[in-house]
Amino acid sequence: MLDKPNRNFLANNSSPIGNTIAKLIANQPGDYSLQQAFYTSPEIYRFEIDNVLMKHWHCVGHQSQIAEAGQYLVYDIDKESIIVTRAQDGEIYAMSNVCRHRGSRICDGSGKAEGNTLVCPYHAWSYGLDGSLQHARMMPRNFDKASHGLTRLPVRVAQGLILVSLSESPLEIDTAIQTVDGIYGNYDWANAKVIHQNKITFKANWKLALENQVECMHCGPAHPEFSDLHGMGLPNEAQLRQELVERTKALDLNFVCNDLWALNAPEGHEMTFADRVPMKPGVLSATSDGNPVAPIMGNLPAHDGAFSLYYVGPHNHFITYSDYGGMFCYSPKSADETTLTFTWLVRGDAKEGVDYHREKVTWLWDVTSAADKKIVEDNHLGVLSRFYNPGPYALPIEYKTARFTKWYLEAMMRAVETLPAEDAA
Amino acid sequence: MLDKPNRNFLANNSSPIGNTIAKLIANQPGDYSLQQAFYTSPEIYRFEIDNVLMKHWHCVGHQSQIAEAGQYLVYDIDKESIIVTRAQDGEIYAMSNVCRHRGSRICDGSGKAEGNTLVCPYHAWSYGLDGSLQHARMMPRNFDKASHGLTRLPVRVAQGLILVSLSESPLEIDTAIQTVDGIYGNYDWANAKVIHQNKITFKANWKLALENQVECMHCGPAHPEFSDLHGMGLPNEAQLRQELVERTKALDLNFVCNDLWALNAPEGHEMTFADRVPMKPGVLSATSDGNPVAPIMGNLPAHDGAFSLYYVGPHNHFITYSDYGGMFCYSPKSADETTLTFTWLVRGDAKEGVDYHREKVTWLWDVTSAADKKIVEDNHLGVLSRFYNPGPYALPIEYKTARFTKWYLEAMMRAVETLPAEDAA
Amino acid sequence: MLDKPNRNFLANNSSPIGNTIAKLIANQPGDYSLQQAFYTSPEIYRFEIDNVLMKHWHCVGHQSQIAEAGQYLVYDIDKESIIVTRAQDGEIYAMSNVCRHRGSRICDGSGKAEGNTLVCPYHAWSYGLDGSLQHARMMPRNFDKASHGLTRLPVRVAQGLILVSLSESPLEIDTAIQTVDGIYGNYDWANAKVIHQNKITFKANWKLALENQVECMHCGPAHPEFSDLHGMGLPNEAQLRQELVERTKALDLNFVCNDLWALNAPEGHEMTFADRVPMKPGVLSATSDGNPVAPIMGNLPAHDGAFSLYYVGPHNHFITYSDYGGMFCYSPKSADETTLTFTWLVRGDAKEGVDYHREKVTWLWDVTSAADKKIVEDNHLGVLSRFYNPGPYALPIEYKTARFTKWYLEAMMRAVETLPAEDAA
């Protein structure tokens, strides 16, 4: 399905990057933040993206963004651009946004393909919604169109989430899909709809953004709006969690949680995670007054004073309340730049202005994402200093951050060990 | 004439760039766009500018821009800045815009030299219009002024075009000059005048900009305004060309065309090209309604429903209609940045507001250049992808693009082969 | 006092930077501007900052900026950020602005520490005004707080100037401190106050900025406002200096000048310089009409028609007139970016709007700094050219610039010679 990617990157025999990384890993203290070079070196960035992150699946959007046949969206990660289309038979396809003629980007943002055809704006080569080359303008009659389609990429849809792989040998994704069904099926995310999207660029390494994403130790100092509403990190969190279990049972709902995320994923399988977390007592949703601002989602019989988390891969994170949900999709751009695409969803049949007001739905994660941008950028600036040294994670509250970095180091070590001899030299 | 340029660039013994380039060339498929590294690698950029492009002549402006004695203009290419002056005896000089005292840029944009002297704004060393050091302020009386003039650069003027070389051994330029005389003499470009200039920076490699410049396969999809007017690429282009030949003969005009451009230039000679191309039937000039918007140029007896192309070197391109003309001068800045200086000319004695209105003259190439900027930048973005692979040129319509890249590869191979041993290591 | 800085920068075995620098130094002509690579190479920048500039003391501000207990200021240099605090007992402390938990910057600009505590905005680790860790939020009870304070940096205060070192073995600073006492004590800079600060970023190498700072050959051509007021570089400067000596004697003042700056500083000692320079006849201060615009400073009995210079290290320069003074603190950011922090001071008890008007005080150095930014940036652009070659300094007027570059080359050579074997390879 996936063409062999181009291996003609400029060879760099003088950078024994494998050795450098192996030495750094040998010096890395356990349960401490990473050594400087992991956050700042462009060579390590290149290595980790190509050899670690690109083995994982990327959430590029939600199927409601391309509900109609002929619609497409574009998602960028690293130097890659991905087109995702809805074909006439309803199928969703993913492909590289690189024309096979001269290499131009074909689509620029989302849109609707006129005549169900993607036409390269440069020389008008045209492709079907599945990426197959339909018309190679001005090429000879006997031109081999079959082998000049857009590079097709593996794609899976789960509870509406569109997951794409750029790898030649993608990780097994079935368990991660069962996981989202088991927890987000209750909210019927498959039929939810996207109502807003922000793209926020952090001037920071992607790993610093993710270390921030997976711990709530910073929520108290940095996110007062969040902390007023959520039960995460409260002294009585354990008790609130127990009450939530009972509340959920009383509603006769079945949420399947699991933890096959970083370090816990079986070899060759995409990592995933699902959890249920209580809101503060009396709070029903993450809104300015704690009351729902949109219709109840899925088959929930009542607002349950809880939210559900789902992760797939290291960099795709999701949250849903009973009335709305949010997608956090992190996209590294370079060693010191990362884009967070934050996407809000509500029940699929909700009407704006009647059933919900967009700004009431987006309020919390607008202010919280803006605060995280500042935090993560200040973290990156500090890490650049000669006086930065790895610091100790606070356990247990930063345990997911600790797991994330430990997973990263193990994945890097494995990548170094499996380098072809010439590259590892 | 030309001082030996500084060779004290930081030595980089660890980058066996010659080998890298030779391997890439060996892998390059014929009549396909270039491999990724040729468009994106900063090391290859440095090599190709120093060893290939800098052997060629650069068109830095038109003599009407410095019509009066004491006037000067500045043109930048790569990291270089060139001053071109009009001396008191009418002679045109070119020199490096680098003060010999502390290295400051001396002129900033175009202007008129007060007292026919170029004074460095830093410490007031002053130079004649020919670059000779006139006054080395505060230096000892016996200071060797003769050897501290601005670095003089070879300059030739042809039909008003100012051509400058930065090379120690410039290519033979006489044939290219005879070529422009043979075709643009009819329009008397020597006495034309510049009425407007745009500097447009493309975030793209210079070779992608030039691949775009020399083919009109993209004109249909990307330039509707252009395509409405020009006969290029029409199904009946051959017939229109034949009619043009007859029309020209009837007007008793003699246009000398030739093709000594990429691959066709004799060894050691600058490459050049001249061609006559028909407008669409009924169209007299490249204007919003196809009618002329400025006085007829040169000795043309009538608007001839045609335009004339002239190229010199790989990166200087010219077009002229019977009432106005345009200069496309491409200036690489880095591997991913290129400036196009687009300059409009009309008959030298035409008066603005009376004989022509600037915005009517500039209309077509304003919209067309803006469209090309977008196209070329999207091409560069696509080429960065791991899924980019060289694609097949559409022949014959992209034959000049194919020739351009083939010329480039041959020039690079020759440059690699003639590297001194230590550099090629 | 100073923790051992992190040495885990990514090893770069392929860049024999020591050899490269040694060869360049061998080729450097005497009393000429530096060879291109010294101004433009990122590798040389990294080497010179780490091995030369960081041995010196940095002036990060004036104590009046943190007059009250709990106040702090932040100063950035290269990739470092320094916090300077005023503790409750009046003591001034300097420390690295890098949290020991996850590495975040703690303070963002100047301010007042609430409860005399610096709280990291990320996870709320809190530090005393001396940098000691007070509360490591959510860490185990037995956490070793003593070894997780902010990295403390050597700090000295002299005539109110706050001098900080980032070196493990700072240069001896006592002589430099005696020097400022001997000349600025008369102006009582210790009790002066800061009234305004500009941060100006030059797109230029820091050495080009300093070459500009220490010569006044450019004042005539580039700074007409400055030249109208100051006696520097006048043909009769020697006579004006003699008159100044007599005028000073008549006022019964004792200014101790000395020159232990570049090349003159004893081994292991910070370099320093103090000088008295006359204004033009009839000019009392560097203001638009030459008259004082603020109360007389210190114990001066009268406006003395002179200014006093003080330098400490290669990059901290100061000027004071009888009514106001200015601090020039240069902070390299990268090979082609340098920030000048320019700070204005007046007598400590002067009241704005009554005793002085800020814009009258800041006028001259506002226009002069803006002009220098343009000059130095144009110098950097010129130095990038292949036609740039080192040029001869005009002696004696550029003697301090010549000394600065000679000092730099000697310091670089010493740094290369003392490289550990593996780095020098």
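Should a chain be cited, it is by its letter among A, B and C, assigned in written order, with residues numbered from 1 in that chain.
What we mean here is this: a contact is a pair of C-beta atoms (placed from the backbone, for glycine too) under 8 Å apart; a residue touches a chain by one contact, two chains touch by 3 or more.
Just so it is clear, the model here is predicted, and its values are computed rather than measured.
J.: Touch graph across the chains, line, ring, star, complete or other?
T.: Chain contacts: complete, every pair touches.
J.: Note whether the interface between subunit A and subunit B is symmetric in residue numbering, meaning over half of all numbers used appear on both sides, and answer same or different.
T.: Counting shared over all numbers used gives less than one half: different.
J.: With chain centres taken as the means of their Cα atoms, state the distance from subunit A to subunit B in Å.
T.: Whole-Å distance between the two chain centres: 46.
J.: What positions in subunit B touch 2 or more of the other chains?
T.: Each of 14 in subunit B touches at least two other chains.
J.: Using the touch definition from the top, list the residues of subunit A that touch subunit B in their complex.
T.: Against subunit B, subunit A makes touches at 3, 5-6, 8-11, 13-14, 79-81, 96-106, 108, 119-124, 136-139, 143, 148, 151, 166.
J.: Going by the contact rule at the top, pick out the subunit B residues touching subunit A in the complex.
T.: 14-16, 20, 23-24, 27, 33, 35-37, 41, 43-44, 211, 217-218, 220-222, 375, 378-379, 381-389, 391-394, 397
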